[in-house]
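Read from first to last, the chains carry the letters A, B, C and D; within each, the first residue is number 1.
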C-alpha cells in the first residue's frame, strides 16, 4: 500500500521526524488556517509530481482559489489529484535525499542518501553516482552509530547526533510499520535542523495480519478523499493478481511465470490477452471460482484459457472450482483448460464428468483459445 | 550491583510482571497498611534467606511486633537485615523457577526454568537435572516464540500466551537494565496467573555510563535503608579491586592473575597477605597512588609488595604514582617493588631517582616482602 | 551428489500434518526422498505416512540426523518456524510459504546466513534431482534423470519447462524454482554457480522473467565464471510495460528489468537465447549435436 | 604459520591515535608486526608511526588488504567499533578494552560468530608469536621463539610465565591471554585446540585461575582430544574462599571453580600439574628429557 504525502508526514511526525506545519485541503474552496505564503502540493500516489507542475507557491489569499482549482483539475501520470496539502514555506539551507528500502537480491534494508536531494535525484544518480551513498543495514543489528557517522561525513551534515536520531527514528518506523520504502526527498537542512519536506511511504500488504488496524485506518482515510476508486477499497484477502489488458483471450494461470509465458505464446499465436489473472502457487477451489468470476465478468473476453500445472496446487481442487462455476453461472464462451500435475487424474475425471474437456499440451491449449476468441471455438460453449 | 527484593519487584512491576502487594517496613515499630495475614520477608542481598529463617508468616497484628523484632535482629550469612517486606499471602497452585542470566563460556543469555521451584531448587538441579530447563538465547534475535512454547511444555504451564508475554517482558528488562541476573524463585502459578513471589536482580556495574540515573537512584535507596555501609555508597569509578585479608604483607598488583600467583607465592614463602589489591591491566599514576593509599591505610600492613609487569600498563606511570605517594606521605614500612615490562627503563630510573629500589625477579621480591613483614626489612623504610 | 540434495539427504518436514504438508510428504516419500521426521506443534507423538511427528524441531534433531528441512508453515508463523530450524542447526531449508512479510523474510535470510544455513525460497516450489530426491512440489512425472540443470523463479514455469524437456527426451540433473520474490535466499546467480561446479550438470537452463535485475546479475556471473553452455529464456516479452503481473519482482524497472534488457545482457554473456520452451529444446539438441 | 597470526598478517589498529593505542602501535611495529592502517574517527588523513589513519574501517579496507584488527577503543564505544570491524569483513579481532558492559560483549561475540570473525578478548593483553608478530601488549623482551604454546586468562600472568620460560631458555610458539572475563571470545579450550593442531607447538602450557569452569571445560577437551603434553598451573591456591579477587570470573563457585577442583580435573585429563612457575619450567624440561 502506498500512502499519500500527508499520511506519510503524519507518520513521520509520530516517529519524531520534523515535518512542516500543514493543512489538508479537500476542495478548491477549502481555506488553510496557516498564514501565507504557503506551498500547495497535489496529493497523488505517483512520483514525478514536482516536474508535472503539482507543486505551487501561493504568496497570498488572492491567488489561492485559482491555484487550487488548477491543482484539483490536474492529472499527474493519469492520476487525479485527490487533495492538496498547504504547507508553511521552510527556509532551506540544503536539500538532501534520504530513503530506506529493501534490497531484494541482497536481502538487506538499504539506506540511500545524497547531499544533492530534490527533484533531480535520478539525474544525480545517473550522472554523479559518487553523490549517492548506499549503506546496507544488517537487519539483525540495525543501523550502527559508525554507519550514521559515515553518512554524515558523506552527506556533509555537521550535526551527527541529530542525524543519528533522525535515521534511528526513520529505521524504527521502517521496521515497526512493515514498510518497504520510506523516502524523504527533499530532506531539508534548515536553521531549525532537519525537516522532511516530502514523504513517500510504501507498506507491505503481506504484513496485514499484524498491521490490520493501522492499514485499515490508512486505507479508509484514502477512500474518504474525493474521487476514490471503489475497487481499491479493501486489502485483497486472496492471492489473486488481476490486470486488465486490451485483447479478447481471458487468461487464468496458477503461477505468474506460466501466466507470462502464456501471454507470450498467445501473442506468438496471433492473439491478444484480455487480462492477466494469476492465482498463486497454493490456491483453492474458492480462488479458482473467484478468478473465473473476475475474468468472465469482462464483456471483452471471447474465450477463456485456464493454464494449470499443479505442484502445491491440486488439480482436483481446481476442477472443483471450475465445475462449480459452470454449475452456478454456465459457460457461454469457449473455455480451454490445460491441466496437469498434482492430482491430475482426479482433476481430469471431475472435468470429464462435468463435460469440460482438458488439454495437456500448453501450445495446443493456447492455439485453441486464440481460435476460440476469433469465433472458431473448439472448446465447449454450453 | 545487587538489588534488594523490594527493588527487584518494583522493577518487575514496571515491566508488567505481576508481583504481590507489599509494604516496606524499616523498623520493628513500622506497621503495614495491608491486611493480615502477611508474609514478612527479611531484606538482604545474600541468598538462602528462606532456609535461614528470614521469612515469617504473620497471621495477625498481635504477632507482628515480635516477628519483626526477631527479623531485624537477624543476620543472614553475616548480613544484617536492613528492612522487612510485608507481603500479601498468595494462593499458590504451583511453584516454578525462572531466571535469565549470562552464560560466560557460551557468551549467551540463558533462560533457566523448572517446574519444581522454591527453596530446594539447588537440590532439584543436583538430583533431578531433567527438571531444569536451559534455553540459550541468541542475543541477536532474542527469545523466539517456539522457545517459549517449549518452555511451557517442559514446565507444564498451560497458558502459553501469558508465559510468552511474561518471558518477553523479563527479557526486555534483562536487556534494558543491563542485568546479568534476573531470578524469580518461586514464580507462582495462582488463580490469577503467574506472580513473582521473590526477585533477585544483579545489574552490570560496567554499564554505569549508560545507566547512571537508574543505578544512582537504586544505590541511594539502598544507602537510605537503616544500617548502610558507607563504603558501598558510590559506584567505584576506577578499576581497583581491594579485598582485605588477615596477614601482614600488603599486596598491590596490576593484574588479578599475577596477584593471585603472588598470593600463592607469599604463602609458599611462609608469609600471609594483608590484602589483595589489583589495579587492572590499563591503569594510571593516579590509580597507583590511590592503591597505595588504600593498602597503606591498613595498620596491619607491615611490608608492601608491589608486583608490576607492564603490558598496556606503563612502568613510568606506575613509578610516577609510587614516587608521588612517597613525596606526599613518606614510606614508613618496607616497600618492595617488582617492576618490568613496558617503559621499564623509564620507570626504574624514576624509582632510582626517588631512592626506591626495584626488583626484577618475582620470587626474590616475594621473599623480600615476607621478610620485610617479619621485620627483617631489606626494602627501604624511610 | 547432485547440487543441494541427493539420495541420502535426510529430511525433516515442518508443518507435516497440514493439508498441503501431508499430501506433499506422501508424494516426496513415494518419490524416494528420505523423510525422517515431521514437526507440528501440538501434534507430537503422531505419525504421518509412517513418519514420526514431533512438537519441536529440537526434539526431532535429538532423535534423527537431519540434513535438510522443508517448511509448509503458513506465512504468519514462518519467521518463528524458520528460526527454529536454523537454531536447531539444520543447514538447508526450503521455505514454501508465499506471502511472508518482507521484514520477516530479511530476518530469516540474515539469520540463516549468520548460521551457515542455505535457504531456497521463500515462495519456492522447491528442488528436484530426478531419480534421487525431491524437496518440494515438482510433479514427479514431469522429470527424468539427465544432465541439464534448470533454474527458474516461478515454480509452475519450472514444471512447464521440465515437462517439455522430459517429453523431448532431455533429462535433468536438478530443477529448482527459487521463488517469486521480491526477496530470495538462493538467487539465480548462486544456483548457476552450483551448476557450474556440479559434475552431473553439462548444460544450464535459465528461465527468467521480466522485472527486477536478477537475470542481469546472473548474466554478469555467466560472462565471468561459467564455462558450461547456458540456454536462457525470458518470459514476459508480451507483457505490457509498467504493469505488475503477479509477484512484486515482476515490475518493469527503468531500462533494466525489461525482457529486452535481460535478453541482451544474457546474450552478451554468451548464453543461447530461446524465445519459447520449444526453442530451449532445440538449442539443447543443437548444443549437444543431436541435430548434426 | 603460528596460530592466528604470522609474519605476514596485515593489521589494522582501531583507536590508533589514543595514548595507549599509539604507544602499543610503536612497540608492535618495532617488533615487526605489519601494521598497514589505523582508524580514529575524525583523525582521518593523519599518520601515526608512519601509518595512515582513516576515519572509518571501510575506508581503510578499501585501501589495504587487512587480516586482523586490534581495538584500543574505550569500553563505552567498543560495541559500535567492533561491529564496524566485523561488518568490514575482518576475520580476526583482538579487543583490549576492559569494562565493556556484558550485554555489549555478548552482542559483539554473537555478531562476530555470525560473520566468521574470531575474537580474542575482550580485556585481553593479546597474542604474540615470538619472532613473527605480536598483536597486543606482550612485552617483547619476555619472549623468545620456540615451541611451547602458552595460554592464560590474565595478561600479566602470561607475561610472567613467558618471562620465566624465556629466562630458562624455553622458547614459545605463541602466547595468548584470553582476557579476564566473565565472557570470552576465544576460550582456553579453543586455544588448546589450536595448539593441538599447530605444527609449531609441541608442548602446551595452560595457566588457569580459580573461579568459573573454563579450566574444567579445557580439561574435558584435553582428555578427549589432545595428544601433545600439557602442563597446567592454577593460581589462587592461597586465595580465601568466597572472596571475589579481581575479575568476576574469579569468584569461587561451589565445588567447581576451586583450585583443587581444577587441578584434579586437569590432572585426571592427563595434564602435568605445576604449583609454581618454576615447576612449569621443570616439568617442560622433564618432558623434553633435558634433565635426563
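By definition in this document, a contact is a pair of C-beta atoms (placed from the backbone, for glycine too) under 8 Å apart; a residue touches a chain by one contact, two chains touch by 3 or more.
A quick note: this is a predicted structure, and the numbers were derived from the prediction, not measured.
Chemist: Identify the chains adjacent to both chain B and chain C in the sense defined at the top.
Modeler: Common contact partners of chain B and chain C, which must touch each of the two, are A, D.
Chemist: Could you let me know which interface, C-D or A-D, is made of more C-beta pairs in contact?
Modeler: So, comparing the two chain pairs, more contacts are at A-D.
Chemist: Please identify the chain with the largest separation between its CA centroid and the CA centroid of chain D.
Modeler: A
Chemist: Chain A to chain D: how many Å between their CA centres?
Modeler: Computed value for the inter-centroid distance: 54 Å.
Chemist: What's the distance between the Cα centroids of chain C and chain D, rounded to whole Å?
Modeler: One centre to the other, that is 45 Å.
Chemist: I'd like to verify one number: the distance from the centre of chain A to the centre of chain C, where each centre is the average of its C-alpha atoms, in whole angstrom.
Modeler: 26
Chemist: Which residues belonging to chain B are in contact with no fewer than two other chains?
Modeler: 138, 140-141
Chemist: Which chain C residues touch at least two other chains?
Modeler: If we look for residues of chain C contacting two or more partner chains, we find 107, 111, 114.
Chemist: With chains as vertices joined when they touch, what's the shape: line, ring, star, complete or other?
Modeler: Shape = complete; every chain linked to every other.
Chemist: Which bits of chain C are touching chain B when the two form their complex?
Modeler: Per the stated touch rule, the residues are 41, 55-58, 80-81, 83-84, 87, 107, 111, 114.
Chemist: Quick one: which bits of chain D touch chain B in the complex? Just the residue numbers, please.
Modeler: By the definition above, chain D touches chain B via 20, 23-24, 27, 75-76, 96, 98-103, 105-107, 109-111, 114, 123, 125-126, 136-139, 142, 152-157, 159-160, 163, 180-185, 187, 207, 209-210, 212-214, 217, 235-240, 243-247, 249-250, 275-278.
Chemist: Taking the complex as given, what residues does chain A use to touch chain B?
Modeler: The contact residues of chain A facing chain B are 140-141.
Chemist: Flag every residue of chain A that touches chain D in the complex, lowest number first.
Modeler: Interface residues on the chain A side: 138, 140-141, 144-146, 149-150, 153.
Chemist: Once bound in the complex, which stretches of chain B touch chain D?
Modeler: Residues 102, 104-105, 107-109, 138-140, 175, 178, 180, 204, 206-207, 209-210, 239, 241, 243, 245, 253-261, 263-268, 273, 276, 278, 280-282, 309-314, 340-342, 344, 362-363 of chain B touch chain D in their complex.
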